[in-house]
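Structure below; questions to follow.
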Amino acid sequence: MNPHMRPGVWGVLATPFIGSTHDVDDNGLAQLVEHADAAGVTGLTVLGVFGEAARLSWAERRQVLETVLDTTELPLVVGCTSLATAPVVDEAAMAVELVGDRLAGVMVQANSADRAVLDTHLRAVHEATGADVVVQDYPVVSGVAVSAAVLGDVVSASPHVTAVKAESPPTPVAVAELTARCDVPVFGGLGGINLLDELAVGAAGAMTGFSFPEALVACVRAWDPAEPEQARAELLDHLPLITFEQQAGIALAIRKECLRRRGLIAESAVRPPARSLPASLAPVLAAHLERLGVR
Amino acid sequence: MNPHMRPGVWGVLATPFIGSTHDVDDNGLAQLVEHADAAGVTGLTVLGVFGEAARLSWAERRQVLETVLDTTELPLVVGCTSLATAPVVDEAAMAVELVGDRLAGVMVQANSADRAVLDTHLRAVHEATGADVVVQDYPVVSGVAVSAAVLGDVVSASPHVTAVKAESPPTPVAVAELTARCDVPVFGGLGGINLLDELAVGAAGAMTGFSFPEALVACVRAWDPAEPEQARAELLDHLPLITFEQQAGIALAIRKECLRRRGLIAESAVRPPARSLPASLAPVLAAHLERLGVR
Amino acid sequence: MNPHMRPGVWGVLATPFIGSTHDVDDNGLAQLVEHADAAGVTGLTVLGVFGEAARLSWAERRQVLETVLDTTELPLVVGCTSLATAPVVDEAAMAVELVGDRLAGVMVQANSADRAVLDTHLRAVHEATGADVVVQDYPVVSGVAVSAAVLGDVVSASPHVTAVKAESPPTPVAVAELTARCDVPVFGGLGGINLLDELAVGAAGAMTGFSFPEALVACVRAWDPAEPEQARAELLDHLPLITFEQQAGIALAIRKECLRRRGLIAESAVRPPARSLPASLAPVLAAHLERLGVR
Amino acid sequence: MNPHMRPGVWGVLATPFIGSTHDVDDNGLAQLVEHADAAGVTGLTVLGVFGEAARLSWAERRQVLETVLDTTELPLVVGCTSLATAPVVDEAAMAVELVGDRLAGVMVQANSADRAVLDTHLRAVHEATGADVVVQDYPVVSGVAVSAAVLGDVVSASPHVTAVKAESPPTPVAVAELTARCDVPVFGGLGGINLLDELAVGAAGAMTGFSFPEALVACVRAWDPAEPEQARAELLDHLPLITFEQQAGIALAIRKECLRRRGLIAESAVRPPARSLPASLAPVLAAHLERLGVR
């Protein structure tokens, strides 16, 4: 297994934009990195779905990676957007080139419900680039519904797969089956909405971008299967915001506005066709943050 | 507006089954009714989606209604399963016949994104039966995606529509738009997962079947827009169970097992093809309940 | 196997409506029955999806069945709309009561991808009613995606299943797998759009409601695996209308208007929320029919 | 409007692969180009969905474009795979660089149901690259359902949009509405399965990759609204193969095998996770081709 791939919280970085042309905001990005680092994350996941990688140019993807690399010493997981081998290899090769030995893995979408197709895909990406692979199972984005049984078997037979990000609801069921079938760490995602349940069935932590990573870190650090009460207490006060943030279709818009109100980024724009924050939710969001000490 | 249709919590009743043939369990049903009544609900919603109405025979639907009517004096909303006018009229007519003047409304699915089609449908059900109508907007079940703007306009022009159950995520956005467009109470659903946010944008309460209705009642009673803190405090301790219960595809199985462990029903079976409780979640569920004092 | 369940074309009957209230039109229905009978169909499928059974009241369903029974001596398949056992038993019981020994089977939707759930469901319907079962695999309506392998195995182990209606595209692939796994007749549907290909892989015919059943009958009667040319020739002239009729979301509206222009029914209305014929297609439809001698 | 954007048939090129590593087969590609050119197509569409652009590396995309440019003088439409502006600009810029003044347009997916978002996206791609834009409305691939009314209005207000490829079924309804709203040519796609109907409501031709482009060319050339019979006759003999080829999920696999059996490409492999040709269909495919003179 990749030496960087340790349990805990892997922060999924948003990509902040600035100005009417929605340029990548290097300063904001660096502040997000520093905040996550200070919050105690194990590593960072860059160019993921909520990093809006699918809405960045090729040059902007390099820019994002370089800014992150310049800002932190944390290990990185680098997301790949495509579903087919050849373009994923393009994406993974850039990650290998830029991140070098700080690369914990390239994150590749589970692209097929077929065991052989999925196995061949993951192996091909590894063989072409040398990168270890984190498999992301995220059907709402990939459109692919692979069973946890098939995914677990493929992973357990693939020494180059170093972790799984399980985002196919009901995720606690998937995490339970994956951890029973393979030895690599399995992380929950989806903003942490079922983090306590995922930990209870064996998750190694969370790989997600909730706007208060420190709460996820506190929860995961406190996790003790024999004494779940402490982890629960660490998360509880943030749970209303987690359920607010994790709304279908607008989760990223909410998250970025939370980050902006926390002073971490200058603007909260998402790139179209992603949906902006509905105006009706602005006061609700403000009240959530005020309750957590952000004014 | 129907005199029974008051703000608060409307408990959506599960239908308990017993034995290898999954017969309707009248005793369990009566206990659920009594528990909800004692918990302080405003009324009950019978034969809803989570009452498994779509998996009951016609005789069983009558049996459920009669058992509920025999057990409580609370007003009732009676769910209709179909999407077209003629069979909904069949369902609504039985509700009118059995429930009489305790009927707060028949709950009818929003069946079209087209303003005129939806309006005609709701009016026809009312005119054929005399029943007031609660509109349920629940695309994951109906397959229909109607905008809140269209729905709100139809409702505001329909004196026979007496409430809306808003279950098209992101629900707080929908509730905000609906309450801006029409005067009838708008209820959140979905197990209460965004109840605080729905209340913040004007929801009249919740119409849902969370296994601890007393927690929803306490939250809604405590709601004060100027002082949201108290309602938040009332709900917070149950929020981890709400997020656990509200898992895609298995929410009803979890809920029924919670009700069973609370001693309210004898067995937790759901009728196929609904999905049973995955074994991996049983200890997680037990821990949630233990934390809430159920052993 | 049910003695009535013979290869050939089973005509799926539309339910014609008349007047502003969309009442069931018994005269039109009888004419449709007589036309199909004269066209040489093996039997009729009543109360199917395209018979708009889901938009009929319970009394109207009886009315439709009785009208058909009064009009023809053909054997009948009677469609069931629900996906769960108890309400399907209600529907099947009415079919048994009314149709008696002319019942070739009740048509039940494949309601689960799970072998045991599906098997139990089909058996329970048979045991409760004595009816043989035709399984319909129609995911666009049922929302259920069962593999042909599982479906074939269930059918082959179920002596009470007497036929399959295969409507999960790509249907020729499904028909090939089903006919390899089970001995009962497998029928294509979907308006006959892939009828030639379905016959080529072993289909026993078609069970569908194309507006010119005589063309389907001629094709199926002419089918000879060693000499496919003749069947092809019989269908070819109607294939442009088949592809026109089989348009997503408006197939039934097109079909009913074809039947009206043929003089078989008085009005072509579909019940909402089904979509009406777009005005832009009226002249295209007229040209298709004119080409086939209908003016 | 772009001077190259003329009515007729635009052939969507498949990308042939060769060997166990599925390398791009330049020879096969050149033969496909030459065949389409000889068949009389108006232009070629390269790197479209059925050209498997989403499964090519960046270098392979260049290779495909260069091979096509070296083989023909026909004008080209170049497909873009992404849904967001920045990566589409990357793709469009390569098209402009390589294709130069033979570029009839870059083909951009309709990426939003929102008028302003769609309008801004199309304009931004044009302004960043200078390329004219062909809008493709293909919800099964894009996941975006935009109404023909919104799309038509956006197109009619966008001088940089030079054509529409309408692939949102029912396509004849969409083509009718689009041609009523805007002046640019509107092309049907989807293998030509509704070509006659699309022509009847004003389509300028077809932009698709049916394995016998000569049949589409003959049909479109023969089209005369006053005398539709001739165009119908030109297409009719190929219509059974069109309906066979246009099967959900396996259309490209069928098409490539047809091209292979016609001797145009050496191998018919599709890149995973695309689905291969089911073995059960091989003899059916052979019979279709034999009927058309291919042995």
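To keep things simple, chains are lettered A, B, C and D as they appear, and every chain counts its residues starting from 1.
One rule holds for everything that comes next: a contact is a pair of C-beta atoms (placed from the backbone, for glycine too) under 8 Å apart; a residue touches a chain by one contact, two chains touch by 3 or more.
A quick note: this is a predicted structure, and the numbers were derived from the prediction, not measured.
Q: So subunit B and subunit C: same face meeting same face, with over half the numbers shared, or different?
A: Same; most numbers are used by both subunit B and subunit C.
Q: Starting from the mean Cα coordinates of subunit C and subunit D, work out the distance between those two points in Å.
A: Comparing mean C-alpha positions, subunit D is 34 Å from subunit C.
Q: Could you work out how far the Cα centre of subunit A sits from that of subunit C, in whole Å?
A: Distance between chain centres, rounded to whole Å: 48 Å.
Q: Roughly how many whole angstrom separate the Cα centroids of subunit A and subunit D?
A: 36
Q: Which residues belonging to subunit D are in contact with no fewer than two other chains?
A: In subunit D, nothing touches at least two other chains.
Q: Given which chains touch which, is the overall layout a line, a ring, a star, complete, or other?
A: Topology of touching chains reads as a ring, each chain with two neighbours.
Q: Please name which positions on subunit B make contact with subunit A in the complex.
A: On the subunit B side, the touching residues are 169-173, 176-177, 193-194, 196-197, 200-201, 228-229, 232, 235-237, 239-240, 243-244, 247-250, 278, 280-281, 283-284, 287, 291.
Q: Show which residues of subunit D lie in contact with subunit A when the two form their complex.
A: On the subunit D side, the touching residues are 52, 54-58, 60, 82-87, 89-90, 111-112, 114, 117, 120-121, 143-144, 271-273.
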